[in-house]
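To start, I am sharing the structure in question, which I have written as structure tokens.
Read from first to last, the chains carry the letters A, B, C and D; within each, the first residue is number 1.
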Amino acid sequence: MNLLLPVVLLWPLLVMLYGGLRLALVKQEGRNSRSRLELLGVGWWSAPLPALLLALWPGELSVSMPGWMLGGLWQLDEARRPWLLFGALLWLLAGWYARGYLADERRQAGEGDANALGRLMGFTLLWPLTLAGNLLLILAEDIPSFYLGFVTMTLAAYGLVIHRRDREAKLGGLAYIVLALIGEGMILAGLLWSAGSAEALTLTELRVAIGDAERGVWMATLLWLGFGVKAGVIGLHVWLPLAHPVAPTPASAVLSGVMVKGGVLGWLSTLPLGSGEAGLARLGEVIIVAGLVGAFGAALLGVIQRHPKAVLAYSSVSQLGMLASLVGVGLAAPDAWPALLAPVTLFAGHHGMTKGALFFGVGISEHPPRLPAWLIVTLLALPALSLGGALTSGLIAKGFIKEALKESEYSSLVSWLSVAAVGSTLLVARALWRQWRRRGEPGTPLRSPMCLAWLFAVLAAAAVPLWLPLGESVHWPTLSDLPGLLWPAALGLGLSGLALLAAKLGEGEWKLSSHLPPGDLWWGYAALARRMRSGLVTAGGMLESRGLQLRARLVAREHRAIARLDGLARYERRFSRLAVPLMIGLALLLLLGFWLG
Amino acid sequence: MPPFDELLLAVVLLLLAAATLFDRHLVRACCWFVTFALAVALSWAWLGLVWLALLELVLGAVLTGAFLFHALGVMPTATQPRGLLTHWHDPVALPWQRVLMRLFPALAVLAMLGLALMEVSSGSGSLRPAGMGLLGLGLWAFALHHHLLRRLLSFNVIGTGIFLILMSLVDSRALAVAHGLVVTGLAVALLGTALGALLIRRLEALEASHHVVYRTNGRPT
Amino acid sequence: MIERLGLSPAATPMENEAALWLVLVLPLLLGVLGAIARPSRTWPVAVAGLLPLLALGWLSSQVAGTTGKSGVVELGDLVLYWRVNGLTLLLLLLTYLIGLASALYAPAYLRDDVQALTWGQAWFWPLLGLLISSLALIWLAADLLSLYIGLELMGLTAVGLMLLPGKVEALVAGLRYLLLALVGSLAFLLGISLMLGAWGRLDLAGLAEVAEPGVLLWVAVGLLTGGLMLKAAAFPLHVWLVPVHAWAWIPVSAIHAGLVIKASFFIALQLWLLLVPEATVAAWMIGGLAGAAVVWGGVKAWRSAKLKEVVAWSTVSQLGYLLLAFPLLIGTDAAVADLAWQGTWLQLAAHGLAKAAMFLAAGNLILATGAARVEGLAGASRRFPLSLLSFGMAAISVVGLPPSMGFTAKWLLLHAALSGGHWAWMMVLAVGTLLSAAYVFRLFHYSFIEDAPEAEFRRVPWPMETVALLLALAALLLGLAAEWPLTLLRGAGDEP
Amino acid sequence: MSQGWLPVLTLATSLLVAPLIFALPERAWRARAVVNLSAAVLKILLVALLVLGFYQGRDFVFGFTVVEGASFLLQVDALGLMFAGLSSLLWLATTIYAIGYLEDSPNRKRFFGFFSLCVASTAGIALAGNLFTFLLFYELLTLSTYPLVVHRGHAKALAAGKVYLRYTVTGGLVLLLGVVALYALVGDVAFGQRERLADLGPDAYPLLTVLFLVLLVGLGVKAALVPLHGWLPRAMVAPAPVSALLHAVAVVKAGAFGIVRLVYDVYGISLVHELGLLTLLAAIASVTILFGSIRALSQQELKPRLAYSTISQVSYIVLGISLFGPFGTIAGLVHLMHQGLMKVTLFYCAGNYAEELGIHRIDELDGAGRRMPLTSLAFTVGALGMIGLPPVAGFISKWYLGIGAVQADMSWAIAVLAASSLLNAAYFLPIVHRLWFRQGPAHGRGRWPEERHLGRFETSTWLLLPTAATALFSILVGLLAGVPFSPLDLATFMATVEYLP
């Protein structure tokens, strides 16, 4: 049964390969047979199915392949199962959703629009590849495979981000890829450094190695920041609000729902969380603070955004900030970590599914189904409230966290998180409001893939605590806990109501948003990077021109030298005239030489 | 004190050599050379080296002389030389600075020889100084003149000088080897002169047909 | 050193001297025959050329297994000395090979060269035979008188050969050559006379015993060396060499650059090793000249406009390598001297073969392109790859790049220089390599030009191509098989 | 058991092909192709035999004395086998490629002749058993490459050839001096007899240091270490297969391989470590890595960018061997192979673009991914490998480099690696982006500079096949690095031998 593991990874690749071959064949056969090409078919959609199956497979699986890179070791254990499950589920739903979402483009491509076909080709091929990377990232236990998964996912997703190929998409893609590469660089450095210090080949060994290493703090910092790019650590988060709005909605959903969780998973896999002897407490505190700053900052930045997906992206940053601060606790207070793992996982799963549902919702509100408006609004608001911690999975996750933190020295974190939850609520409210303002005409049939996927996602998101296999029982909040859990959401709702009122009374939109475009710090970074890049290019050019100058000088000198050599001919004439005296001179010279010894 | 006749012979040789080398009229110089060769043959005979004397007479005086005159274009039948082609007079002026400068190599060789011969004190006579004198004169003339014929003359004079020195140095047990050397040297001198003379004639013929004047020191003017 | 030169008293006399005489006289006889028959085809020459080689084989079979043979020829009172040992055999073999190559090249060349139809052609064969014979005499002779005879014969024959083209330029250059050669022989004669006067004998072994350091010896050796250097075209006495080669017939150039100047060098080195084996300062002076020769010749070769001039200047430069033998052999310790000894003779052989091949190949190229200038080579690599290949292989040896014989020789010389701590000579070799690479690749540079206008090309007769190729191959491949000539060299059995 | 004939035969396959090709007439391209390909295949088989025999513990030694104190020696060890394997594999690939590339162009006979010589010298370098033999083939390589560099025969090519010669001949001379000095010091040392130098004792250390530097300069010219790299970018005017071979196996690699030999088999890493030269080597390598990457950034044409990338990448090898410890060794050795595969792929791709579409500049590549998907895919693979991303081979190298750096207490090298990766990404990913995500002539915008339709597929099959094969190999050796006989396996074997006496 261990074969299931490779199959899980191979299936998406096969799907991709099949798609590629089909495309190539169609191209070979000629341009008019394109109509026969069915893009985003059921086969394509089935890519994550084996993974889902695997996640539901009872018992732990592990497969070891000594020939695979530096020794492959893939595992499905209880810690990985929830990540795999909600990841695969969301990928499946998103794929289904995409079949509806991209219907227009499919039609255009079918009609012979080369550009649409090109875009769709990219999407068809890169989607399973990204998925494969994501799955490998979850399942890998050996570091190279893990890194391979991470890299594959990161790079392949670039193609998804710039799907639209317009200016904004390119900007989003650029922000995404540049930051991702910087992250890769830091991850690679951190992995190499830490793995090198103990010759570790698996993630477990790696965690131990970092715990033991002399300069473990720096290794951990590198890894934290490296994965932090993906997990939206404040300062490195700028790609999220730029990339999400431009990506196709299903891609945004997996990006925000699953892929950014890759970063969190990276933290969990590489940082020596909960390891007693690690002297990483200071780093843990930094992480906590950075996480909270992210949670608040993103909320503040997010509420003034106009594009609902940008708002949702900021919401992701905010939520991930909360998650990060919890991970920080794992470093700062190792003893509290064992209790915290399950809540963190639940929180991640909850956020993933809910954010997925919310992103689906954006697409839904653009093309609403033929349903009563109130029902749509309710269904849209349900995950939103859940994200704010007021309902269903959000409420439960929050209660669970609170319970886990209660005993530790960081119980005050709960209050901070609660305050941050106010921000979350505000953000989703803002997102819903923007969606509502941009809503389209209803017309999508209810049984379209888009709608069904969305509905299913909403339901699944609400029920995350019920089906996510955490390995330990979820702590259900009691009635007495409710006020403590619900006040942030209530406050948030109240504030948004006030804001709505103010907006109604006032001039409508805040003008502030025009001053703070999505991506906030990106623009500063970009300016800096431009300067750096031009600096590097200039440096390269300068080296080149220096080289050219030097070469020119050398060539000039060479010419002069050659001219001088050619001038030597006159000495030759002198030799010619003086041959006999020279011979006698030579004899004299030798006489002198003999005399000297 | 060397015998008087030997001294006389040496002086005659030197004088004849000087005349050969420094007469600015070429045909006359060649005539002087023949006389000089005869004198050399006489000295060999006087030294008791009859075979050498005969060889010198044949090779040095008769054959070499014939080749020299051939080079000059002076034939027994045609007494008038082809004046256009032959430089009856050496056309190159000889400023005294150059004359002195060109003396140095000759002096250097003579000095070296002198140093070396101080070690061999045995044997006296005036033939050795005469040989050295010939050597010096020849070298000086060789350095001084550019005309090929004059250089050939100098070469022959130097050779003779060396033979004289050699014969004055050797004792009886090495006489055979010395003979061998001198014979070879004579043959070489003859061959060299012959080759040079033929070359000069050929060159002049080519110059005439190409209307290009090559100075015999090798550079076109 | 006396043992190495085969002059030790231990050398035994030879029972049958016929082989010796054959080796000496056969080339001359064949030359005379050539003058009568005037071969215009290659194969008769090839057949006839095998005879001296057979004679040489006979001779070496008699010498084999001994430290060498020596003996005397008595003509009345006159006693001439000779000796045969490994070195002699090596040099004889080299002479015959290069001579044979020239001879094989000649029929086709003479047939092709319009101007060769003059009186020159009749003279070519006997002169060539005489030249080879006189070279053989020089290698074999063990007394100064025979050496003098051989040297003069060789010199005059060489001049004669050089004059054969009969063009004005050739004659002018030949004249200068003649004069300087004569002056050189005078110096040589004077030196010999001094020694004969002082010690009364001219056999080398005897002289080495009785000669004692003093002004007379020094003056004598100085004069001898001066004369020989003039004949060997050592810097700065090289002026006659390039003009002579620029106009000479190709096969003559080949044998001249390959062997004739080496003979003078051989005599000079032999004299030094015997008479002044400890004269370090003077040897270093020669080394200085060697360095200057390498640089000067290299630079001039690099800047030369004509193909044959390049090759000729390269000879001047390469002779510098050989002259390094003086400082490396004179007054150095046994290990260094041993390496330098092998290196020198290997270099001599390498340069002989390579330079001959280079001249022959250059002749082919000039014949084919009809242009004597270097620029005329443009596009040659496409048109006559074979000639260029021969030229290239020979050039590799001249530059001293592996796997050529030149490389092996340079390796040995470098090894010797470094073992003895003589950095200066190492630098000379290094600079020489760079300069030779510069002038050789300058030619290749032209040959690879593709966008040159297409010119008229003539076909080169195949014997000419083949001979050049074979010689070049020998120069190239004997580098790795250098142990064989070196064994021959050591064949005398004197282990260092 | 000693089977000397096998290495000789291996050498002879490509060496003897050269005269054979020269003997064939220019027009007989079929015969030439058959001769070439069969020799290449034969050589692979022979190398495989060698590998097999080597793993069975057989000795293959062939030698004879050339001159006193210097012998010609061929012997087989793991390092040499690795290089021989690489060269024979890439010879086959490049021969196939070259047949397609040079179709209908003049001077093919000359090209293939010298090409075989070039490969023969590479094989000789791989199998050389001592420095003397190494030097022989090293110089032969210089010689046989020159006609290839100037093959086109126009002014630019000739100028490049001149520069090439100036660098390499001088470098060869310096190397010669160093080798002779070493021979004068200790005599003929076969590779692997490291103790000979170490036994000289500390008194000889200054001398040994100087000699090491001399030899390093001699080898560094071919390895294109800064500041001896000037010839490499200019040699780009050569035809694509030549560039590919030059960069992947022949010239540049010969230099790097020589440095490996120098450090491991002549001096021995412990001695070099003791002399304190490893840090210097690492510093030179790091400077070269960064310098090459920065210069590559400012190149606007494809091949020069690749050339500067080579300068940078080859120094990974040097960096690897300068890291004291088994991992550094493995990294250096394995990168020798990996870089070869990846770079050859990239150059094939560059050649494909140039041949099929006439593309030389990077900004002409827009949308080429649609027109030539397989080539572009191969290029992407190569580029990712150069950046050091899994699963391409480059990652394995980088991984071991990093670990080696940590273990050698040179953690700063990791920063160099990370910086280099980023720089690599900065100059390779824009190209990849252009290939796949920009719209160009394939989308109806503009025209290709000089489009030709060379074959049934996106370009001639002769060109496509080697490209795809090497790209596939680049992935496979990375993905399956752990299987026996992989480059990593060989390198590990080597390193164990080196560090576990």
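We adopt the following convention: a residue touches a chain if its C-beta (ideal position, glycine included) is under 8 Å from a C-beta of that chain, and two chains touch if they have at least 3 such contacts.
Because the structure is predicted, anything quoted here is derived from the model rather than measured.
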Between A-D and A-C, more contacting C-beta pairs sit at A-D
Most centrally placed chain - per-chain CA mean versus overall CA mean: D
Just curious, how far off is subunit D from subunit A if you go by their C-alpha centres, in Å? 36
Taking each chain's centre as its mean C-alpha position, how far apart are subunit A and subunit C in Å? 78
From the C-alpha centre of subunit C to that of subunit D, how far is it in Å? 42
Could you work out how far the Cα centre of subunit A sits from that of subunit B, in whole Å? 104
If a residue has to touch 2 or more other chains to count, which residues of subunit C qualify? 176, 183, 215, 218-219, 222-223
Residues of subunit D that contact two or more other chains, please. none
Shared interface positions of subunit B, touching two or more other chains: 112, 142
Tell me, which pairs of chains are in touch? A-B, A-C, A-D, B-C, C-D
Residues of subunit C touching subunit A in their complex? 176, 180, 183-184, 187, 213, 215, 217-219, 221-223, 225-227, 229-230, 236-240, 276, 278-286, 289, 296, 299-300, 302-303
Any idea which subunit A residues touch subunit B in the complex? 580-581, 584-585, 587-588, 591
Quick check on the complex: what are the subunit D residues that touch subunit C? 22, 64-70, 72, 106-107, 109-110, 132, 135-137, 139-140, 142-143, 146-147, 150-155, 157-158, 161-162, 165, 169-170, 172-173, 176-177, 180-181, 183-184
Within the complex, subunit C is touched by subunit B residues 112-113, 115-120, 135, 142, 148, 151, 155, 158-159, 162, 165-166, 168-171, 173-181, 184-185, 187-188, 191-192, 195-196, 199, 202-203, 206-207, 210, 212, 214, 216, 218
Can you list the subunit D residues touching subunit A in their complex? 230, 291, 294-299, 327, 370, 373, 384, 388-391, 395-396, 398-399, 401-407, 411, 414-415, 417-419, 421-423, 425-426, 429, 436-437, 439, 443-444, 478-483, 488
